[in-house]
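Down below is the structure, laid out as structure tokens.
Per-chain residue numbering starts at 1, and chain names A, B, C, D, E, F, G and H are given in the order in which the chains are listed.
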């Protein structure tokens, strides 16, 4: 039931065609989502609208290409478009299908499997987001976080290869750390980086465990547990390898 | 917003005091739960109404006693009352507080820690529920299931101590098994009973793993995994020691 | 020992050729399965007879094709035939081997890897089964459940993509939910859908965790645990990705 | 090395008593923490200074009392004082030892084991923090979060008993949810609440799994995994039962 | 149905009172367990009859005492009686209740919580059973195995404190090892003993992991996994702390 | 030091060339394995000598072929040869390299990946070994056990497809079960078969969990735990999929 | 067989009473442990001889007291005596039983449950051992390590409360770290300390996870995994809470 | 800020251009790592400088080749170069790119995936390192340890195939064991070897679990747990398959 229907019922009441009781009965059963709940949905649109996001994994190249096409054709939206966990084939399909629609060429970030179509360079985040990572093998996840944060309208910068076993490398960048409004901290193996970073700053640190490692790293479980048990009290955690999610939360924080 | 408020708004529209637009605006923001959603709630009441249930664990004896008192004082309800995971102290408090209100004395079933106050002997379940258990140490959980099923208006009977290592004991009761409309199957250790029972009947079997055992039973995990991997295709599973939940589902099935 | 043999012994007793003692001795050792136990077997046949089922996984295409051929050649059976966890090669083999026997062409449902050969459109289930799923990646498992339910003689309908993070989508379909007699609820990741659905309805909800997700989803374990710990008391659980099993139980419930 | 020592060396250089080379050698080895690093430490003090915090668990009552006494005697600090995981004995010791120092009596919040000594009612957080919890047994952890948030200078309010199996109770409070700047979401069992809440709001949701439950809840692991796999992208997670940590992060976010 | 009933039916056939068809019908439904299956039951009795066994844990002292009394009063049985996982209270109750019946006093083996009532000293096992254990804390489980083996009619001897970190202590007893017909090998911590023992002998080695240890021993899991992965091919494993079960199997092997 | 060396020293003593003291010194340091320990080694040879065994997995085809060749060329040994976990390539290499040496052609058992070269048909086991398995997918592991048992000089027979969900199929073969001296019981999924079989017989049952299954079977862990928690007391367990190991132990028991 | 027996045999050979063959036969069967193997045992004594160690846990106070008494009465040994995992009752018993024997009073270190009886102050370790710990609750385990190291003849010093979330506290003690020859690093929660310490030094770091923490620390598993996955390559790990073991290894390293 | 900058500031002070206060202010904020911390870095270089190490896994062949080239071109360094977890393609790229630079050809050790470029044969380790391994499938990990130890300037020797199920093979090499200064002990399956070896020697034993095995070996977890629970007190553990790490620690110990 949309607003028109609601108005019609009310007009009928006004005209005396419907008794209040009959109208009440009708209204009592109307699907609530057409009333107040649209607001929620709207919020949802607003929130995610900073960027249109497609999870590439589990979709065929042509499925992704079609969704991108539909997004590009929506007249009134100029959000950035982000495809995560994509590959070269998906990128080829996206380019083929959308050549004309996306004049500024879509970019494929091979390392992280992210496709970006930038249509809006406005910065809406209030501060900056720093993406810190430990080892070189954590970089794909870090880059997913970095690109997501940027496409969602944030100033975001990387600070890579500052693992805890060479603590001085991290400490050299103390100033960078303290300038950020939110820090995303990506680490595999023992996952100790967020604790050290958390101890050096006064802002929220979002920890992303990565599945990097072997043996008793158990695909990122060691890092995940390490982060959940962080002795720094400004650390929260997202799922293993979830660079995208970390950037969503960081963006959320950076907008408020 | 309750129905009165809704009627008042509609009257105002009828009287011309409110334009339909203004009324629509008002209505659009009214809490939906006062409209259609009450229905859901009502369903909920209907469903759980077969018995009023209190989880004794984590509440003080006097808290439980007060809740029971409130239930007994509701004039228009004659549901049975069930307290699960109770102990002797809780029972004493319940008896003390409700002596006069509950003429047919509340009963404490020590084995399973269940308190029952029977106020309604009507049988609403269509068939009967059979509660099968393997070892003697599984009986407390089985009894929780049995009493719950009975208090929710079902014919329910026990069939205990029919473990798979003495398969003939189970087979002797083949007839009982085939007469039930739903079977609850309670077993610890290797949790094999539901598979054997499931293979002997054509009705749904609800498997309840128990935390009985030691060492590699891991507090019921061995039984739980066994049941989830049952080779009989009419078996579903509830949480470890959750006799109450099994009886709720069985009751649900038996009423439809 | 079949009935003829039994009758022969009894005739010999009648004729005096066997003393009762000698006959008793003989009978005491006869394989019981030829007596009462056949009944059990019969039940089994009756139960599974709603559809002939073949697990495709672990069998070669030609093995599956031969089993299907044998089923199609049984004169007196007109059950539907269902092959689960099949692939394109198996389907090709089935079609090649059974072209003439299966006039209404066997269908291959690529998404779920299910092959159906419909021979019997009779609806034997009393109510309808609703298959609810959360994300798009849960659809293969949901479809396995849906097709299994349909082939076993049930009215069954899908309600897909109603995850808990967009609760209004689910609530829009409240009416569908309340009309079903059994609900199968398929969800990966946090596995929260059955709890929400269970709270909205008064019928049994069979929860199917899926292996969808990554990192700390541990191949469906997160969803499985979530479902086992559901705070809705009308939820039971089957194994990860076991859409087939869920439909068997649902069918079982829907026939009683 | 403090600033005086540094100045002394520099004076000696100025006076020609030290060659630049000699001074450089000296300075190269001075403990960095006395220079730039104090800044870090200062940050740390600033951050945690919103409230002085003592972890009661693992300390004797008299140890806690002495630490509180020392805090109360610091002349220049008027931070609130918070003791977490305390008990009645600790509270008695704190009261006995600090009677005069703490004119506004220290309060013991029995449910959550928190002792608060409020000395500063200034609100420094920009928005408000909402603490949402599912079942009644989650309340102790929720209260720890609530009190921590309040003592750290935030407007913080509870919204309890809004579990996902009765989704309408949660939806009734939609407005409260959308007014918060940060939401802390406390849930045990299947841990589904943060996903539903996260889908209704545009602000960060900090999920706290609780150890409430039994059997396959594995002391909060089921809830933890559910939250880590949340399909809502604005959810991050802290350790099981870590209400304090969640409030620290929320406070961190609310101040930026 | 017992043999008398069967004979009665057959007599009726003989007399012509029952047609063979009617008798066949009757017999087809008779409970099979009264026919052939009794044999199975009989086997069971025979097998366990070497000793009457009561699991003390989970029973009250008076329950145990009554069961023992019943066993002692059975005229035609002179099996040894074994109570496992008992304590001093159970032993007191057993002694009180059975003083006169058990002239040779029941013995309580405090270390292992075993009560033995020896009534039959006949050795029925063909060879001897050696119970080997690693550390002193493994002795309770080893003793449970030893006493069980002895009460079941086996020559059984201990060989304790021969852990693998002092391999020469084990090698000194090489001769003892090679004389046994079955070896029970009890070990906690890393559970390495069965591999070493298995490499020294040509007989079956039954490995019993114990819950001895701390930290990453995970209540015996480390030892259990070690034993399951033994590189000696004559090793099988029973549950953690299951000395009783190991002795049952050993006795089984020693009798064949 | 071999016996010749020992004798030489003793001759020198006899001749007076060595004082007893000097000889004692020499002997004290001689490697013990050349003395008494050879006995142990000999035992080892005797034990495994029933069949020469090669683990194919992890070796190249030509490595396996060379080892087989070496075995065939040993003049004084006529043991059967067994290659486990082999594949078609390994078999081809073995045949190519050993064509003439192995007149009775080596056989490749594709299902179980076992290669057998039979050179000795003598039966040395005292009774017979029965290999029971549950589902058709357990057959490869069962066959590995069966062939191993046969090649080690045992009468061994299969009894397949007797899962617990169709208990009558198992009971039909009661007689087979009771005739065996040792039973190997192979089962995946819930691993319940050994408990049922163990309850029907008085001989040792060696349970082999298989990695068959999906989801919560966790690669055989569910079956493994089920078997370790068996309520039948004559059941022991070997590693997941370890058909070979089960047959070794069974053979061990059958020879004593 | 001791040396006397060996000499006797050799004398008999010399005298011609034994032929070399007969002597060889005798010697071939003599227990090797009386020959060369004593050496091994001797090594063992030497190694552990630095301190006599008793594990208090699992022993009664009087058992511990008797063992200590026996140690004190051995005339020729002046090793230090160490009782780990003891309590006040054990200490009382030790003091009572050994008052006169141990003139320098035995000391009970309540924090760590260690009893020390120092009889030998010689320092045999070549360098010094530094015991670093993170939080105050890790101190009991750290102290067990410290006292063990000291009683085994090492210079050993503590460096406590230098957790990674306040990295400057650790860095202040850089000099201490670099002076040690072996570092024992004790940490609970995320167990990140050894990685940071390992990155700052060039000596072996022995990491001891502690069971400190709650929720997802899983009794020290999080710390254990973190340490096993350390990105510093000079870190090895011992069992959870095993301060004693870490000190044994450190002492081992420090003596070589 | 490097030393030149520091000197410049100090010169300015000397010249009176900077007041000591101004200089102090400047110096207070200079990045500490350019002062004292360089020492740490230097230490790090010293430590790892024994060999330049590249982790091949996760890098492309050309990336590895370029890093090697850069190392070879550094004029003042003649460290050995080690590439771990490499394959034939990486080796080809390394050879192609560095043909002339590395006159003594780089060697590829196929078994362990290690590439070595030896440029410095100096032995800097004080004693020798013995690498002991159990089964033939553990050899790749053992070889990684062996080559790493050798390339880091240690005398290092292998002792392979001495598993605990044939204990005499290990005991034959007792002398080798006692001559080593550090022992690396590599074992899969039950991981019992370090306990036995640890009991025979007085030096540190570094245990490396391998992922060899199947079923309940859980990719090396069984061996890992076994080693962490070792009853020998001179055993420490590194991550599963971490031969490289074990050799680093061993080298660390052997140099001190």
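Everything below uses one rule, namely that a residue touches a chain if its C-beta (ideal position, glycine included) is under 8 Å from a C-beta of that chain, and two chains touch if they have at least 3 such contacts.
All values derive from a computational prediction rather than experimental measurement.
Graph distance from subunit E to subunit H, where chains that touch are one step apart, equals 1. If you take subunit G and subunit H together, the chains in touch with both are A, D, E, F. Note on connectivity: the fewest steps through touching chains from subunit D to subunit E is 2.
When each chain is reduced to the average of its Cα atoms, D sits farthest from subunit F. Comparing contact pairs by residue number, the interface of E-H is reproduced by A-G among G-H, A-G or D-H, since over half of the pairs coincide. Taking shared numbers over all numbers used, the subunit A to subunit G interface scores over half, which places it in the same class. Chain centres here are Cα means. That of subunit B falls 51 Å from that of subunit F. Centres computed as Cα averages put subunit D at a distance of 60 Å from subunit F. Note on chain placement: the centre of subunit E and the centre of subunit G lie 39 Å apart, centres being C-alpha means. In subunit C, the residues that reach two or more other chains under the touch definition are 31-32, 36-37, 40, 44, 166, 171, 199-200, 215-217, 221, 224, 228-229, 239-240. Across the whole structure, chains are in contact as follows: A-B, A-C, A-D, A-G, A-H, B-C, B-D, B-E, B-F, C-D, C-E, C-F, D-G, D-H, E-F, E-G, E-H, F-G, F-H, G-H.
Listed in rising order, the residues of subunit H touching subunit E in the complex are 134-135, 163-167, 171, 188-192, 195-196, 198-200, 213, 215-218, 221-223, 225-232.
Touching subunit H in their complex are the following residues of subunit D: 3, 6-7, 10-11, 13-14, 16, 20-21, 23-24, 27-32, 35-37.
Considering their complex, residues 136-137, 166, 168, 171-172, 214-217 of subunit E touch subunit G. Contact residues of subunit G toward subunit H in the complex are 36, 40, 43-44, 46-48, 127, 174, 178, 181-182, 199-204, 206, 224, 228-229, 233-240, 244-246, 248-249, 252-253, 256. Partner subunit A is touched in their complex by these residues of subunit H: 31-33, 37, 40-41, 44, 58, 209, 211, 219-221, 224, 239-242.
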